[in-house]
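The two complexes that follow have chain A in common; it is paired with chain B in the first and with chain C in the second.
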Partner chain A sequence: MHARTERPSRRRSRSLAYLPYLIPGAVCFTIIILVPLALNVWYSLNSWKGGMSPMRFIGLDNYAQLLDDAKFWASFRNSLSMIVAMVIIPTLIGLVLAAVLFDYIGKHFGSRTAATLRAMYYLPQILPISVAGIVWNWILNSQTGAVNTILRGLGVTDPPNWLGSTSTALGSVMFVLIWIQIGYPTVIFMSALQRVDPELYEAAELDGAGWFARFRAITVPQIRPETFVIVLTCTIAALKVFAPIYVLTRGGPESSTLVPSYYSYLNFFDKSKVGYGAAISTVLTIVIIVIAGVIQVFQNRSARREEEGR
Partner chain B sequence: MMKRRNFNALLAAAATTGLLGPALSACGSSGSSGGGSDTFTIWDYESDDSAMGQAWARAVEIFKEQHPEVTVRIEDQTFEQLQKNAKIVLTGDDVPDIMEYNKGNSTSGQLASQGLIEPLTEQATERGWDAKLAASLQTTARYTEDGLMGDGDWYGVPNYGEYVFVYYNQDMFDAQGLSVPTTLKEFEAVCDAFVAAGQIPLAEAGSEYPMGQLWYQLVLAHADRSFVNAYQLFEDDVDWSADPIKAGTDKLVEWIDKGYVAADSAGLTAEDAGTAFINGSYPMFVSGSWWFGRIVGDMADKNWDQFLFPGTELFPGSSGNLWVVPTNAKNKELAYDFIDITLSDEVQAILGEKGGLPVSGDPSTIEDDKTRTMTENFAQINEQDGLAFYPDWPVAGFYDQIVSAMQSLINGSKTGDEALADLRSAYDEGKADMGIEG
Partner chain C sequence: MSDTVLSSASVATRAAGATKRAPAPKPGTATRRKDRFHRGVGRWIVLAVVGLFALAMVAPFLLMVINAFKSPADYSGGSPLSLPKQIYTDGLAYFWQRVNFPVKLWNSIWTSAVVAVAGTLLSLLNAYAIGVGRVRGRAWIVAVFMIANMLPQEGLIYPLFTMAQRVGLTDNPWSIVIIFTVIQSAFGTYLLSSVLGTFPRALLEAAELDGAGRWQILWRVVYPIVRPTMSVLAIFFFIWTWNEFFIPLVMLTSNDNQTVPIALSSLQGDRMLDVPTLNAGALVSLVPTFLFFLFFQRTLTRGVTAGAVK
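Up next, the complex of A and B:
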């Protein structure tokens, strides 16, 4: 405030100097994000089959219909399972894995071993999702899959129908997602750990703190910023997850693994109900923006607290 | 949609990657399709070694001889890719001159009603395509303004056919001392004999089309043409709580209870079922002629054969996919010429010889026994107007509904009546969406 009242003109010109650099980004953002988003919202207010067929404005009818659509609600319930499988469990496992690799494996077996293991955990992230999905489809196949072949070999006469039964399909999909996700937090956490001052650990060790005490008191709080990044990106990924569902179950059996993005896609392409599909994706977008906003607020609060040394 | 090729999981993968960069990838990869009047662009998704692939390769040769000044550009697509992206791709300027596309209300019908493909009625009469195609084959070629098949303008031209029959493993039949059944009762007796011997009789797949086709076949066994016209063409109301749907569904539930179908098949794909039959894990596979070439090749060392599903005169089946001409195509006249060539005796004869079920021509000249039997059976079905199309055709999005209902039945999570109630509401909703009074 002070600076502004003292030298308003100079301040102003300096603050505008960066503007030209924002133009390319702003143009791309408008073309790639804003315009399609606005179009999507517009479509959601219409009844439209797509293509060159006529559009009929129906206001909020599509949204009203969504309220009564059991499948729509089921798909959002499944989103919660996706958050468990893509955010909560992988972040927890990744945290422990990173700490063990960095602290124990790295120290006792050398950093090369730790790096190799880290790369192996990360491998599923590199694999195209369709390939990973198809491989898991083979492994979990009820009749010819490796899992059930092994189970039968162990004497299980009626092994579970992993992807084909409503009681196990969601769990199986969650398991595959956890497998895919683990590498991501592990790698980020490991690089975060390298940033932590080793003197902190040494001091704690001198004070007689055991591994778990150090993990809790130093590791976890020190890497909080990275944790927020992981939670934010993974939550968004979990809410809009599409490809694994498409390759593993196509939302089945009996909609037990349906997620909003796949449901929207079904309406867009299979049913040619473009307006309805657009309404679903608009709702999904709003949910993602709100949740991402909430996480950001928490992150900012935590960062402020850290700055204030609390 | 119900009729999917025996494309395997990897094809789905290709489609998925295509989908993830939605539409953009399709637009991008299509390159400069038009490129002016001297380039003629064809999009199809038949593999080069299939009967269609081989016949059309010859058609392209003939086309080049007739139009030496034209560069022909053939672009391979995948079935799923076109299925999902066509509506977007065809609104642009960068479209093929001719394209293979799936037939039915929810596919070609949709494109026709959206104004994305060209009406061909004038060409069909002028060039005599209407005389070459049997009545039940023409059904899939014509669509009303609302996209309902069977009436209105021609929007596509098929030049091969397809239908569902029973593939069986002769060795497994012989081991149980069984012969080919000729009635539904005999068919059940054969199945009972296999069950008694600890063998599940039917290779099935709940997560894709095969189970839905078996359901529809059992409904057809209790139905007549008026039911098909009511169900597929909306000529009359369909009573979902009465026969033939009730009888067919009850029969299917009975078959599941008796163990004719594996209890763990709800999550299996068509590829799983077909491969299991080919491996000799099951004695019978009720599926379509699109498996024929694959089974001939992969079961060369096994003793297998085919028979028509017994006790019915109606069979799931239809014309093959259609040649459609996009509204924005630049070389429409050339496209009509090409269609003409694919219907010529020479190209049709190649289709027949390779097991591709030609729509015109004489099956008796085919040399291979199995191919001739299949083609003659198809000709016979056509003669008795026995093609009943596919169960998911009437309304858009019905494929997923049927898959879901069949999974419920296999898993025993719903009764036949409950599954039918679900199907009925989806069917009625789809009809209402098309503006048809229920």
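Up next, the complex of A and C:
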């Protein structure tokens, strides 16, 4: 009786006793994340040129204006292209590469060879984006770039201006993003494959299943949790993408590679329309949280189904 | 990708993928496999395909390296694919002086290092309260930290910018240090909390019986055990902060305060610069990240295996 009444209170006091350790984190977090987030929403309800200029409350006018802004819609349409380039294509390529490296190259030529190849795929992931920007800007440059110099050497008289023309800029940016992203799913999928029980494969082999049948029936379902992690993190990254756009095209030519984050940056620091920029970034934030939530729900549902299946 | 593209990625899975090796097969099965696998030319074709693909992935780097050592005349006279006639280092020297590279390098090193240390310590304090202390509402606290990790930085930047102006941290690298310590620790808290959530209770109780206070338990019992995981976190925080682009671009306006990626991107559109100098700049800017990564491979391995045992 006595023990029963004492325990919960003791546990609560124990839990309270650890609260001081959370104080530095909570204070920093509030100042650097929560307050700016709230201020940004507040700015979005105002007309403001930034700095010392006066702020004027205009309610939802900025948001109403967004609805009629063709550039705003174009930026979100381009986000879909970013998702194709940063999520869908790299995940598919990464899946195939990881399976081939782990299951075929690793077994035929040793894990050393597989690890070396994996490191080569991963290389674009570790370098600063501005380095990638400089290098690709030069490679794709219409006059002095490596690609067009080679094309001219092959007899192409008028090679495209890859990053400089509206018809090729988005495709070129997507290509660079795919190149940057491939290593990430490859590495994660390879570590996921090490987790899969080899007996599953051996049993399937004994049953006469070929490489592709094993890939479809064992590999893909077994690494589903990692697939969700990749899809979630890469989708968020694709919606947030800023630096590659800044270093490659600055959203141009004619907004053909404009993305929401770059559009809000333009409004903040180029056009001095802080309220409008804040409205764009607020919409982007909401979209990201909603999409992340939806992916999370799917993940939980899939995890639950797997547990029930077992 | 560096950049935020990766910052939400799971340290554990990435690092595990980068370092774990497949267990060596038993001798008996190995020879049996060898016999079966070491037949036919098919495997060489597969190796050639993935090898060529790997070569294509690193081709931009190779192009960058060979063109960084050409003289302008050598470059315009030949193809971007040709090797330099002689090793020309004036481009490197010119870049070094033009962007005042040592200053940028030092800015990048100390900001990234301070963020790595402060970020992991803040993560540890948070995770101690959440994982070991089991404070009430911890699931919500972790969820809030995770959201902070997903947020687009555009949604925080203008308020952070005005706040920095208010406290006199405009164009001051300390603003970068403070902001990224908090942003990175959001991820660190999430990861360390899950590690500490399974911390052996017996160890804690034994320390309590010996009369150790919570502060002593943190540093004498918990810290030594999670130190390997923390060093992995610190290494990733360092690389992520080093590669950060957006917030340093906005916050650090003067030349003397910029970091390496910002200095490099400011070269773009500089008509005075020739292609070899640009490539030399990209090469120099990528070397520190590259070396750091190679140098810490081992720490990563140790840390990940320790974290995986949890």
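Worth a mention:
The working rule: the second predicted complex is superposed on the first by the 280 of 310 C-alpha atoms of A that agree within 3 Å, B and C clash if a C-alpha of one lies under 4 Å from a C-alpha of the other, contacts with A are read in each partner's own complex, and residues count from 1 in each chain.
Just so we're on the same page, a residue touches a chain if its C-beta (ideal position, glycine included) is under 8 Å from a C-beta of that chain, and two chains touch if they have at least 3 such contacts.
Predicted model only: the values in this text are computed from it and were never measured.
On the shared subunit chain A, the superposed partners chain B and chain C overlap sterically. Once chain A of one complex is fitted onto chain A of the other, the partner contacts of A:D270 are limited to chain B, with no touch recorded for chain C. When the two structures are aligned on the shared chain, A:G252 is found in touch with chain B, with no touch to chain C. Partner contacting the larger number of chain A residues, of chain B and chain C: C. Within the superposed three-chain model, A:G50 lies in touch with chain B and with chain C [touch as defined at top]. Once the two complexes are overlaid on the shared chain, A:Y201 sits clear of chain B and of chain C alike. When the shared chain is aligned, chain C comes close enough to touch A:V229, but chain B does not. Touch criterion met: A:G164 reaches chain B, while chain C stays clear of it.
Look at A:F72: by the touch rule set out above, it reaches neither chain B nor chain C.
Across the options 59-67, 77-85, 131-139 or 239-247, chain B meets chain C in a clash only at 77-85, per the superposition defined above. With the contact threshold set out at the top, residues 50, 128-131, 133-134, 137-138, 144, 242-243, 246-247, 265, 269 of chain A are in contact with chain B in one structure and with chain C in the other. Partner chain A is touched in their complex by these residues of chain C: 1-6, 8-10, 13-14, 16-18, 20-22, 33, 37-38, 43, 46-47, 50-51, 53-55, 57-58, 60-61, 63-64, 67, 79-81, 122, 125-126, 128-130, 132-136, 141, 144-145, 147-148, 150-160, 162-163, 178-179, 181-183, 185-186, 189, 214, 218, 239, 242-243, 245-246, 249-250, 260-262, 264-265, 267-268, 275, 278-279, 281-282, 285-286, 289-290, 293. Across the complex, chain B meets chain A through its residues 1, 9-10, 12-14, 16-17, 19-20, 83-84, 87-88, 90-91, 106, 110-111, 113-116, 206-207, 262-268, 272, 276, 281, 327, 396-397, 399-400, 403-404, 407-408, 410-411, 413-414, 430, 433.
Residues 12, 14-22, 24-25, 28-29, 31-33, 35-37, 39-40, 43, 50, 86, 97, 100-102, 104-109, 111, 113, 115, 117-118, 120-139, 144-146, 149-150, 153, 179-184, 187-192, 194, 226, 229, 233-234, 236-237, 239-244, 246-247, 260-261, 264-265, 268-269, 274, 277-278, 280-282, 284-285, 288-289, 292 of chain A are the ones touching chain C in the complex.
Considering their complex, residues 49-53, 128-131, 133-134, 137-138, 141-144, 161-166, 169, 242-243, 246-247, 249-255, 265-267, 269-273 of chain A touch chain B.
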